[in-house]
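Each of the next two complexes has subunit A plus one more chain, namely subunit B in the first and subunit C in the second.
Moving on, here comes the complex of A and B:
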């Protein structure tokens, strides 16, 4: 009986706090993404305008580790029985990717363009019973600075 | 030392290739961070301690790669790739590799 109570409390805490953290995070992501909309960033290997003189180029990266909450873990565990899309984990990975990209952008504010963008995902920490406890996303690319016209 | 993950430094000519250089580091997290992480596993959210730890380790791996490139007499490393693997429970290996070149 005691165990059941602890379980329910954990799920409720995971649901409320996890939800809160997620919506707060999404709000901040959307706000910051607006700011970087105008700067080109792509996975193409060359700069968009080859005629411009390049002053400098450097490796830039951004990373983030995001943890699952208890609620998501239980829901995903249930999905393992019935199969299908695990939407709770989709939002988790989506958040991590967008956050990593934003951190990459914020690390080189004066760059004119970012080329050869790569994103890597890895689960670095496995929780109990080999379930994924957190996900790390690393975004890296080359920031290019043009000579100003 | 110049670093990019493109095949050549944009706007510069590669004059010599020196070969592959790499750096790696295996890091474990300490108990305090682990405890915090298990709390966070209930509430969700970013694990700031881990983010920093991985960033630091990656910088160290890059440093090792650069010193190797320096020994070869290169002045740039191109085509840099990162890879992460968990070696054992609680430890992660961060590996970075690229090609050492000389640019004009």
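Moving on, here comes the complex of A and C:
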């Protein structure tokens, strides 16, 4: 009985705190994406305007590790039995991907363009029972600085 | 024409469905599966135990050791007397098991029927009872369990439960805890039913042995005076609550027109010094 109470408390804590953290994170993501929206960033290996002189280029990266909350872990565990889309994990991956990109952007504020952008992901923590606990996303690319006209 | 970058209004990469709804749907699926499987396999156990003969049971449990926490030494005072009493009762309820009685020195007032035909009596029982008839009723109750093969049923259902939860979730997963209370409720109810049947059997045995039903409710009355568990606990308890059992027994005594005469005193061997 006590075990069950602890379990329910954990689930509720996971749900409320997880939801709070998630909506706060999304607010921040949207705000920052709005700011970086106008700087080109792409997976092409060449810059968008070959006529411009490149002053400097550098490797830039941004990475983030985001953990799943207890509630989502349980729902995903149930999903494991029946199969199907693990919807509760979607926001986890989405947030991590966007946050990694934002961090990459923020690491080179003066760059004019990001090229050769790549994203990698891995689950770095498997937990006691090999469940995915948190996800790591690494974004890396080349920041290009043009000579100012 | 200029390209004007904008952020998408809708995020297509995430679902907007309520995760709580998803959790509830999945959970009810698990619980329903669990209960159905448990019910069906439980019935299979019931079917199987009636086909296990005492000889087969003895063979299966020949390696079964009475847990050492119960037994300190053989030949406790009153052991022979209790064995004799049990053997006499056995003839009355035609249990064709060789039943062995052991006395465990303990504060607890209880007795358990173990697979393989061993009844362990906790000596606290003797302090609580006042008559031989009361003691005989308790022994007859345990014999009733043997007659109904409840010890095998209990064990079989326990195995089913463990196997199911391991199958569903891998051993010791959190998800088992969600389904556990529901299963515990059905288990307790099933067990209460079996206990009531054993009481019924014990009453018949008592009347057969002594010719009257005196002492049948003695144990429950003594237990009822000891403690009174809460309302919620009644649902989870595996044994029907004392009051209800006394009432059921008294009704049966009345219905079947059993006499209640004077009871024999508790044998001196078991009265603690």
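Simple rule for what comes next: the second predicted complex is superposed on the first by the 149 of 149 C-alpha atoms of A that agree within 3 Å, B and C clash if a C-alpha of one lies under 4 Å from a C-alpha of the other, contacts with A are read in each partner's own complex, and residues count from 1 in each chain.
Throughout what follows, a contact is a pair of C-beta atoms (placed from the backbone, for glycine too) under 8 Å apart; a residue touches a chain by one contact, two chains touch by 3 or more.
Bear in mind that the values here come from a model prediction, so they are computed numbers and not experimental data.
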item	value
Fit-or-clash call for subunit B and subunit C when the two complexes are aligned on subunit A	fit
Subunit A residues touched by each partner, larger count belonging to subunit B or subunit C	B
Touched partner set for A:45, first subunit B, second subunit C, both or neither	first
Subunit C, subunit A and subunit B - angle at the middle CA centre, rounded to the nearest 10 degrees	110
Which of subunit B and subunit C A:4 touches, first, second, both or neither	second
Which of subunit B and subunit C A:32 touches, first, second, both or neither	neither
First, second, both or neither for A:72, with subunit B first and subunit C second	both
First, second, both or neither for A:81, with subunit B first and subunit C second	second
Contacts of A:90 with subunit B and subunit C, given as first, second, both or neither	second
Closest Cα approach, subunit C to subunit B, once both complexes are overlaid on chain A (Å)	13
Subunit A positions touched by subunit B in one structure and by subunit C in the second	71-72
Residues on subunit C engaged by subunit A in the complex (per definition of touch)	5-7, 11, 13-15, 17, 19-20, 22-23, 26-27, 29-30, 168-170, 173-175, 177-178, 180-181
Residues of subunit A defined as touching subunit C within the complex	1, 3-4, 7, 15, 30, 33-34, 37-38, 71-72, 74-75, 77-79, 81-82, 85, 87-88, 90-91, 93-94, 129
Residues on subunit A engaged by subunit B in the complex (per definition of touch)	10, 13-14, 17-18, 21-22, 25, 45-47, 53-54, 57-59, 61, 63-73, 99, 115-116, 118, 120, 122-127, 133-134, 136, 138, 140-142, 144
Subunit A-touching residues of subunit B, taken from the complex the two chains share	2-7, 9-12, 37-38, 40-47, 50-51, 54-55, 58, 80-86, 89-90, 92
